[in-house]
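Have a look at these structures, which come just after this line.
In the two complexes that follow, chain A is the common piece, with chain B as its partner first and chain C second.
Showing the complex of A and B:
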């Protein structure tokens, strides 16, 4: 019964979203403020209606109601409760429902917070957000209905895909959606600005925190997905340039470019059309990501159900959104003229320009290569080869360029940097970078990747350190306080800038982790029997046992491996080869031992009757990848919740 | 006031959308190749482990299976056992030869991969990536079957596991070796 109420609520929400699209615009045109208000209420009401839908689904999951087709497909009575709730986004239909729910929640929050302060743009925003809602609600109601019943009712569910039964996977999709959907807010504000003709800096100031939040959620979501791939898929790597990974990475790249280039518009009133263009591209890429993931046009480890009908629907919706976004931009951008030209190539403006250029080149590269299989299929001229080495080769120079910009951008002067300014800010970091590179070479870091990393990381790190040191010294002198307090006061006084720098520090930490774990990874795949040993750098791995274990909904062969460093026993690792009997799916569970921020990583890809294949990896400093991600997120939080700027 | 970038933008978007539209109706794994039915390019290069030069020129009149792989390729690991089994089954047939092509890899990595996982057939290093380009390989693993007349008859993208493996052995290799008519894919 409850499921029917949820179903009905979602159908009602679909109808209301039409009201949300039409009534605010009509109200504005006919000067009827009450109609505009109806649009606002439709959005808020939709949040409650879709929430009822969500609650009905979760209730069915918790009560093991297998008369609901979707529940029967993605849950099982033996599934731990934790994963029963997560089963909601374990499949296509439920994921869409979560997508829409997040959209309605965001929209309601935005309308509630900005209705009074943005009376002119809000009605348009309501229309645009309702249009997106309509697109997805219609898909849920007509093509991907999670509320559908089946008869006869199966005795038990088919179980959630075992690969998804993992804590990181419970949080990964909602985080990713918070990011994807979050970009709809700056997008809707941009569209509202275009429609209303209020094309100044206002929409950028209002959306700044929303964009930051969406960006943080997307970053966290991507990194969680990486961690999941790292130990659950048993890759031993966190990034494989899989089409679905790329689908989340592309909006991230353009979104990051957007975050930076809006600062130029705020400070110098430049890049107006460009910023509108960037946010439309970012949100379009979010939709394209949804399309790629949900339509099965590309082959991927994420093997979601493929269905041309649904794919076609998303494609039509995508076309409508693209036509709306870029069409409006083309028609309205004639009004916009950036009055100011670049004063000098050596300036903060041009540093931002290069930043944007690098991010877009990166995004375009990923885009082209991801769609490459589609392209050759269409053109039938299969004549080039691509793979992870290709991505790495193309991506590395771009990434290094971006890193360098991260050192130059924050410290270089606006308009035109004088020779004095350049000397003051960059002479010392350049010297330090050169020394660090030589030192790296001397201690045996001799790969191009490693040395280029040492050069750029030390350069950026020293610009940041000098920046912090200078500002602390200045405040200490001016207020006659100690350095620590001075640093705190200086930081909170211009928290927007320094929180950004904290995010940059996170990037640096991550880069160190990526380089160390890529260049200095050691891997061995060896067949072993009980009593055998394997040498991984300074660690000795001895196999001491193999036995059966079982969990709530799985059984496994578990290997016991002692890890020694010299004579000292460090730990016993227990990698498993699991079998989930309900879905007859085997999974490989990695076992990790953390040491010096790195991992000793063991999996058993194959288990025979008397011997097993063991894959052992040493991933030095790999934890820095996620620690760096945490610092990046911290920077964004400090940025969102910053105090007002005081005069010193 | 229409500007150049307007045109460029519209063309790019229309292009991408039509590409997506086309993509909806295809199976991403079964990418048709223009090469099927054409004469297979000759493959030559040093063997990964021995360094000895190998050329398919001297295998004329045989059914040749060519498998592109790399040590960094995770899906290649999943099909590896099947490749070994394949050669155990057909390798004794004088009309059959199997060749691995090591794709975009470091020599020591490739050698270690073979050492660790074992192999019962030869592997050619694709030195400048020319073999992969000749065969239009865009990712690994990819497998080609060439018939006795040197014509490419079958191509598969992705690991040879499950149905893909049984289709290859029962419906492609077996008929070809028995010179039975073979359903063109």
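Showing the complex of A and C:
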């Protein structure tokens, strides 16, 4: 019964979304403010309606109502409650519902916060947001309906995919969606600016914090996915250039480019068309990202089977959004001519330009290579795939270029940097970078990856350090206070800039983690019996036991491995080979020991009658990848909640 | 900004973008791995010997042999029409099983054996219910190949 109420609520929301599209624009054209207000109410009401739909689904999951097809497919009576709720986004239909629920929540919040201050653009924004809502709700109601019942009712559910039964997987999809959907807000504001003809810097200033939030959610979501892959999939890596990873990475790349290039428009009123282009592309890539994961068109660990009808619908919906975006952009492009020209190649504007260039080339490459197999399949009816080595080879120069820009961009002057400005800001960092690279060579770092990393990371780190030192010294002198207080005051005085730099520091920390864990990873795979030992760098691993354990909905063979460093026993690791009987799915559970920000990583991929296969990894400094991610997120939070700029 | 400088800027952007694309796409051809079925592999001429390819099919029931105390497994892979022997060394994925679909990456040799050290088994939320399997009902062949190729 409850599920029908939810179903009905969502159908009602679909109808209301049409009202949301039409009535504000009509109201604006015919000068009827009450019609505009109806649009606003429709958005708010839709939030409540879709919430009812969500509640109905969650209720069915919690009460094990297997007459609902979707619940029967992604849940089971033995599934822990924690994962029952997460089962909602364990498949295609429920994920879409979550997506649209987040969209209605965002829209309601935006309308509530900006209705008074943005009276001209808000009606258009409501229309655009309602259009996106309509697209997703129509898909939910007509093609991917999670509220559908089945008959005969199965006795029990088929269980949530065991690989998804993991705490990281409970949070990862909602986080990712907060990012994807979050980009709909700057997109809708941009469209509203285009429709209303208010093409100044206003839309950028209003959406700045929204964009930052979306970016942070997407970054965190991607990193959580990486952590899940790292220990749950058991391959000991966090990034494999899987199509689905790429799908989330593309909007991230273009979104990051957007985040930077809007600053140029704010400060110098340049790049107007470019910024609109970037946000349209970012949001379109978010849509592609959502669909790629769930459509099953690309081979990936995440692919879910689906029927071709959905694929066609997705393509049509995407085309509508793209046509709408680029169509209005072209129509309005005459009004968007920027009067200001670039003064010099050696300037902050141009640093931003090159930053954008690198991000866009990266995104374009990932896009082409991810979709190339699809193209080949359609044209030549051959199946191909492109391996991670290719991506790694292409990405290294791009990443180095971006890192270099990260050092230059924040310190170089606007308009035209004088030789003096360059000397003052970059002479010392360049020297330090050269010394650091030589030092890296001397201590035995010989790989190109490691050397290039030492060069760029030390360069960027020293520009940041010098920046902080200078500003602290300046404030200390001016206000006669100590350096620490001076640093704090200088930081909060221009928190937007320095929060950004905190995010940059996070990137540096992450880069160190990525390089160390890639270049200095040690891997061994050996068959072992009880009593055998294996040597991994300075660690000795001794197998001391193998026994059976069981959990709520699984049974497992658990190995006992003592980890020694010299004579000292560090820990006992317990990797498992699990079996989830409901779906007859085995999984490999990794065991980790954290030491010096790195991991001793053990899995037991095969348990034979005679011996077990043991895979051991040493991943030095790998935790820096996620610590760096945390610092990046912290930077964004400091940026969103920055105090108003004071005039010194 | 003077015209000359503007040209310089556009030029440098083009050079960098072009360089990156060249770096990227130049390596591209070498990194493509093609996908075949056992029937196609059986018909290979020597042009294909030793080339890195992927082959998808079903692991034949009862064909799996594990060499004790090594990481070596040999089995046969079929698409219904043709069957090829596979020598694998490495860690098979959790979902690798007899009677299930798998995609193997490696090369085909002159002795007509496939050598691989990478197996991919597909997972999806659409499991085949146990009851169906116990009753001996198998997926129709066409559907099987479709799921494999995804």
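Simple rule for what comes next: the second predicted complex is superposed on the first by the 640 of 648 C-alpha atoms of A that agree within 3 Å, B and C clash if a C-alpha of one lies under 4 Å from a C-alpha of the other, contacts with A are read in each partner's own complex, and residues count from 1 in each chain.
Throughout what follows, a residue touches a chain if its C-beta (ideal position, glycine included) is under 8 Å from a C-beta of that chain, and two chains touch if they have at least 3 such contacts.
It should be emphasised that the depicted structure is a prediction, and the values quoted were computed from it without experimental measurement.
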item: Clash-or-fit label for the pair chain B, chain C on chain A; value: clash
item: First, second, both or neither for A:525, with chain B first and chain C second; value: both
item: Contacts of A:605 with chain B and chain C, given as first, second, both or neither; value: both
item: Partner chain(s) touched by A:334 [first = chain B, second = chain C, both, neither]; value: first
item: Dominant toucher of chain A (residue count), chain B or chain C; value: C
item: Chain B versus chain C as contact partner of A:354, first or second or both or neither; value: second
item: Touching partner for A:322 - first (chain B), second (chain C), both, neither; value: first
item: Which superposed partner A:398 touches (first chain B, second chain C, both, neither); value: second
item: Partner chain(s) touched by A:390 [first = chain B, second = chain C, both, neither]; value: both
item: Which of chain B and chain C A:630 touches, first, second, both or neither; value: neither
item: First (chain B), second (chain C), both or neither touched by A:167; value: neither
item: Footprint overlap on chain A, where chain B in one structure and chain C in the other make contact; value: 296-297, 299, 382-387, 389-390, 525, 605-606
item: List of chain C residues in touch with chain A within their complex; value: 1, 5-6, 8-9, 12-13, 16-17, 20-21, 23-24, 27-28, 31-36, 54, 66, 68-71, 90-92, 94-95, 120, 122-127, 129-130, 133, 147, 149-150
item: Of chain A, residues touching chain B in the complex; value: 235, 240, 291, 295-299, 308, 311-312, 315, 318-319, 322, 326, 330, 334, 371-378, 380-390, 524-526, 605-606
item: Chain A residues touching chain C - in the complex, by the definition given at the top; value: 73-74, 90-91, 158-161, 163, 296-297, 299, 301, 303-305, 341-345, 350, 353-354, 357-358, 361, 365, 369, 382-387, 389-390, 393-394, 397-398, 401, 525, 527, 583-588, 605-606, 608, 610-611, 613, 615
item: Residues of chain B touching chain A in the complex; value: 1, 6, 9-10, 13, 16-17, 19-26, 28-29, 31-35, 70, 72-74, 77, 81, 103-105, 113, 116-117, 129, 132-133, 136-140, 157-158
